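What follows is chain A paired twice: with chain B in the first complex and chain C in the second.
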Partner chain A sequence: MADTLSRPLRIPRLSLSLSGAVVAAVVLVALFVPVLFPVDEQAVDLAAKLRPPSWDHPFGTDEVGRDLLLRCVHGLRISLLVGVVAALVATVVGTAVGALAGALGGWADRVVMRVVDLFSSVPHLLLGIFVVAMFRPGIWPVIASVALTHWLSTARIVRAEVLSLRSRPYIDAAVVGGASRWRVTVRHLLPGVLPQAGLAAVLMVPHAIWHESALSFLGLGLPAHQASLGNMVQAARGSLLAGDWWPTLFPGLFIIVPTLAVAGLAASWRDRLNPRRRSELTL
Partner chain B sequence: MLELSRITAGYERRAPVVRDVSLTVAPGEAVGLLGPSGCGKSTLARVAALLHRPYSGTVVVDGRAAHGWRHRAPREQRTAFGVVFQQPRLSADPRMRLADLIAEPLRATGRRDEAAARVDELAGRVGLSAELLRRRPHEVSDGQLQRACLARALVLRPRWLICDEMTAMLDASTTAALVAVVEDYRAESGAGLLTVGHDSVLLDRWCDRTARWEDLASGAG
Partner chain C sequence: MTARLPWGPMARMTGRRLLAAVPVLVVVTFGVFALAAASPFDPAKAYAGSAGLGAGQGVLDQLGENLGTDRPFAARWWDWLTAALTGDLGDSASLRQPVAQVIGERIGWSLLLCSLAFALAVAAGTALGVLAARRRGGLLDRVVTGLAYALEAAPPFWLGLLAIWFLALKLDALPAGGLTDTGSDTATAGQVASHVVLPALVLAVSQLPWFVLYVRQGVGDALDEDPVRGARARGLSERTVLLGHALRSGLLPVLTLIGSRVPELITGALLVETVFSWPGIASATVEAATKVDFPLLAALTVLATAAVLVGNLLSDLLYGLADPRVGFDG
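Then we have the complex of A and B:
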């Protein structure tokens, strides 16, 4: 009995340290490996195309003989850049819009939230494709596309939280104390929603990475030669059908493992915000 | 004068908790409002402090009728009130140290430079040590937090004090100490007091006059 009770407690703790270690490793690799080993990841070697993993090429080579380990690391760097910047932009926009709607209430709230509903009613990959389609391929349109489609959920979360904080007596006390609407929002409401907004931002990073990969996989993201994880999986489709598994497997793992690790971190953070909520991985 | 006339207020228009209630507090007067829990006396106190807009009725503060509530009330009308709420835990921003909590109304009204001296003075009055002032709400007891909330209510030197069940969560000695602080402040400033509670012994001893909810409310059940 005691054993079955202690088990659910032990698993999240293990996943916390494991996720933390994986996230730290991913960030360090993405930041420093390309700087410490400045090897050209675009170097083509047609004599060595589609080699399986070996000592020379631990992840093997792709269909034009480029080293897959090197390209995975560069792809991770680009994916993280897209994920982090897009999540930050989306969080800032979402928090501002949600706080505005929640703090003003009334008509402003209704109008803003109907706009949010309108955007949410379009599948966001479709909306994202629309955004990238308006620009030349490149990293900034991809970031803009992901950010513009992901502030909606943050706006909803922040608005709900602001609405619940707004009815607390300490807000009444601030009103009696002469605080302006602006001061109440900035000094009492926003600091109260920051933990939730931060959690939403962390959870958004892996989602944004998926989004970048999906856009690149559809051929709408980064230029085809660029070593992005989505581009690599896309390029590997043909060789997978021929039985060459490594050009698909390794970039795939580079998408999945950091995603799970960030989700694990965020899940334990959420449990700390609300100990009553069960831990589950949702993306 | 603080004049509430024919106030109807509540949270649902079809079933207002306060129906057609009138109440007047003279400058310097202490009025107790006595009633069972859930009767609407706290709502009336919130209307009086311009925190809750009534469906009908008028509030006249020092000869000026209130036209807006909450942020729509002019700042000098809002800050004429000092309000202490029932639950100190909910009326303190959990992220603020007690010293900042007390100083916040001064900072919000652009009188930042007075804050340090005023906080020291009020902390002495309500009996909070310098060490307690550095703590956050979750690190102090309900009684200590309510002392800080009373200090915050007094920091702008209000002409009207509204205490909504201020002592309901507190022990007898803290109750006595806080009532003494309120009375000292009223003696020197001449502020009027509206205190809401369900303890008739306390209200009868504290106030010049105790109004019973069932006598005030013509239509309330």
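Then we have the complex of A and C:
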């Protein structure tokens, strides 16, 4: 360890394959569970309300007797949908803005970065709350509010990457070869930026889910009938105060485990993009 | 510390930043008004509340005229801005109180909660970070780092609910929420002290991972550098090397970033205050949002932005102090 040239800390292979397996499982389950288990997750069974976890109901049942495992899976599906759409929108906007600022430079760059700074100085959840409060209810205001607060980091990353690519010889070669500014940006700069933007997008999905569940928990997110993971925690408050922990515990775990798995995957992706940099998981 | 602080440059930087903050705050207020104008939200209906449901359009129009909400949003924004300069932030529709009064009554409780939680997070984060950095890749490091990532991914409201279940319901050790015991109106120091523990603990835990990971990184990197090797070569004890050399140089970058944690602290406070019914400014924000109380929500958004800007300034001042090469030119 005292060696200055010590090898960077490697993410163990086991955790990489584990992360990959979890992410794959989450995506597959969210996509296919309604096909695999065509059971109504809203089916109420008051006789079986608030049962603790058992073989019949591995996660127990909620206050009206709905199976919590099934509800968690459906909640994950909705949260994932919101998270992925929001992350896609934010990535497209962030990449476009960042590439434009980086490629144009000069005053356009300064104006764009000022706008990014401006957005960054309002706490993101608060800005999200404001947007949702004004445009409620529905799924689109939630997606818009999450996307609105998440494009900033992508714009910064893409701009920095474009600025560093701009000084590369192959760009000079393209310019000397008579390529227009538009062509240089779209054909030469953007492809070089995509891996970083893709990494940012993947890391953004758990973050977007986190935001969505926070909004839903505060009662400002998705309508109650579209039970996302945050809605489920909100609905479980009553039974928690009566001493039943399982309706609260499991939806939260469904937020944490995929987040950790994505972070693990992203860390190895980052290693590959940047082999010299020390790999540290960051969320 | 015997060295004199560079008050002059620090004051100049503060002055410059305050000047730069003015346009930012003005633009934020304008954006807030523009968003509200673009939304389907009707202030007259919000003011009338449930009484507005039965009211005819004529009544609502009259109300809108009285409130001045029938005018273009730029004019309303200008009125609000000029009134705000005199300290009049309008009236909160949901709490039926002047906004300035709402902020005055609640901001103290939020500051108490946030400063307690922040101090706790810094102290515990430093301790855990040093422990983890001592042997990177070791068992303790893996446990601490893994826990930090899990806690970072965990939503604070979920942590808060589980804490209520375990510490308030199962162990009956701490009160579950609010500021005072039920049935008592006045907040005595003892009651507040026992009620603040649980929310402060949860808020601290939600801020903890960042500190742990950064201190671990800073101290761990410092342990690989020459001054530490020199200290080891001089035969200093491991304890002196770790706390006297590695921690001192490794903690600096962390301390300078503390100010930039204000947005995360506000995010955490929004969720934790709501879970614990803490009568602070963040729970008022959530309340204002659920009831579409625009005057209150707008004022609190601007206030939070100002807090972030102050945090950034603090961060840069500390950075300049900690590393004289950076200076106070920003």
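In the analysis below, the second predicted complex is superposed on the first by the 270 of 283 C-alpha atoms of A that agree within 3 Å, B and C clash if a C-alpha of one lies under 4 Å from a C-alpha of the other, contacts with A are read in each partner's own complex, and residues count from 1 in each chain.
We adopt the following convention: contacts are C-beta pairs under 8 Å (C-beta built on N, C-alpha and C of every residue); 3 or more make two chains touch, one makes a residue touch a chain.
Please read all numbers here as calculations on a predicted model, not as lab measurements.
Enquirer: Scan A:Pro206 for contacts with chain B and chain C and give back first, second, both or neither.
Expert: second
Enquirer: Once the structures are superposed on A, label A:Gly106 by its partner contacts, choosing first (chain B), second (chain C), both or neither.
Expert: neither
Enquirer: Contact-wise, after the overlay, does A:Leu249 reach chain B, chain C, both or neither (first, second, both, neither)?
Expert: A:Leu249 sits against chain C, while chain B stays out of touch.
Enquirer: Figure out whether A:Pro38 sits in contact with chain B (first) or chain C (second), or with both, or with neither.
Expert: Neither partner.
Enquirer: Can you tell me whether chain B or chain C touches more residues on chain A?
Expert: Touching more of chain A: C.
Enquirer: Look at A:His124 in the shared chain and tell me whether it touches chain B only, chain C only, both, or neither; answer first, second, both or neither.
Expert: The answer is second: A:His124 touches chain C but not chain B.
Enquirer: Tell me the contact category for A:Thr259 with respect to chain B and chain C: first, second, both or neither.
Expert: Touch partner of A:Thr259: chain C, not chain B.
Enquirer: Given the complex with chain A, which residues does chain B contribute to the contact?
Expert: For this pair, the touching residues of chain B are 46, 49-51, 70-71, 75, 78-79, 81-83, 85, 87, 90-93, 95, 104-105, 108-109, 149, 152-153, 155-156.
Enquirer: Residue numbers of chain C touching chain A in their complex, please.
Expert: Those in contact with chain A are residues 24, 27-28, 32, 35-36, 39-41, 135-137, 149-150, 152-155, 157-158, 161-162, 164-165, 169-170, 176, 213, 217, 223-225, 229, 232, 262-263, 266-267, 270-271, 274, 285-286, 288-290, 292, 294, 297, 300-301, 304-305, 308-309, 312.
Enquirer: With touch defined as at the start, can you tell me which chain A residues reach chain B in the complex?
Expert: Touching chain B from chain A are residues 168-170, 172-181, 183-184, 187-188, 191-192.
Enquirer: Can you list the residues on chain A that touch chain C in the complex?
Expert: 1-4, 6, 9, 118, 121-127, 129-136, 206, 210, 213-214, 217-220, 230, 233, 236-237, 240-241, 243, 245, 248-249, 251-252, 255-256, 259-260, 263, 280-283
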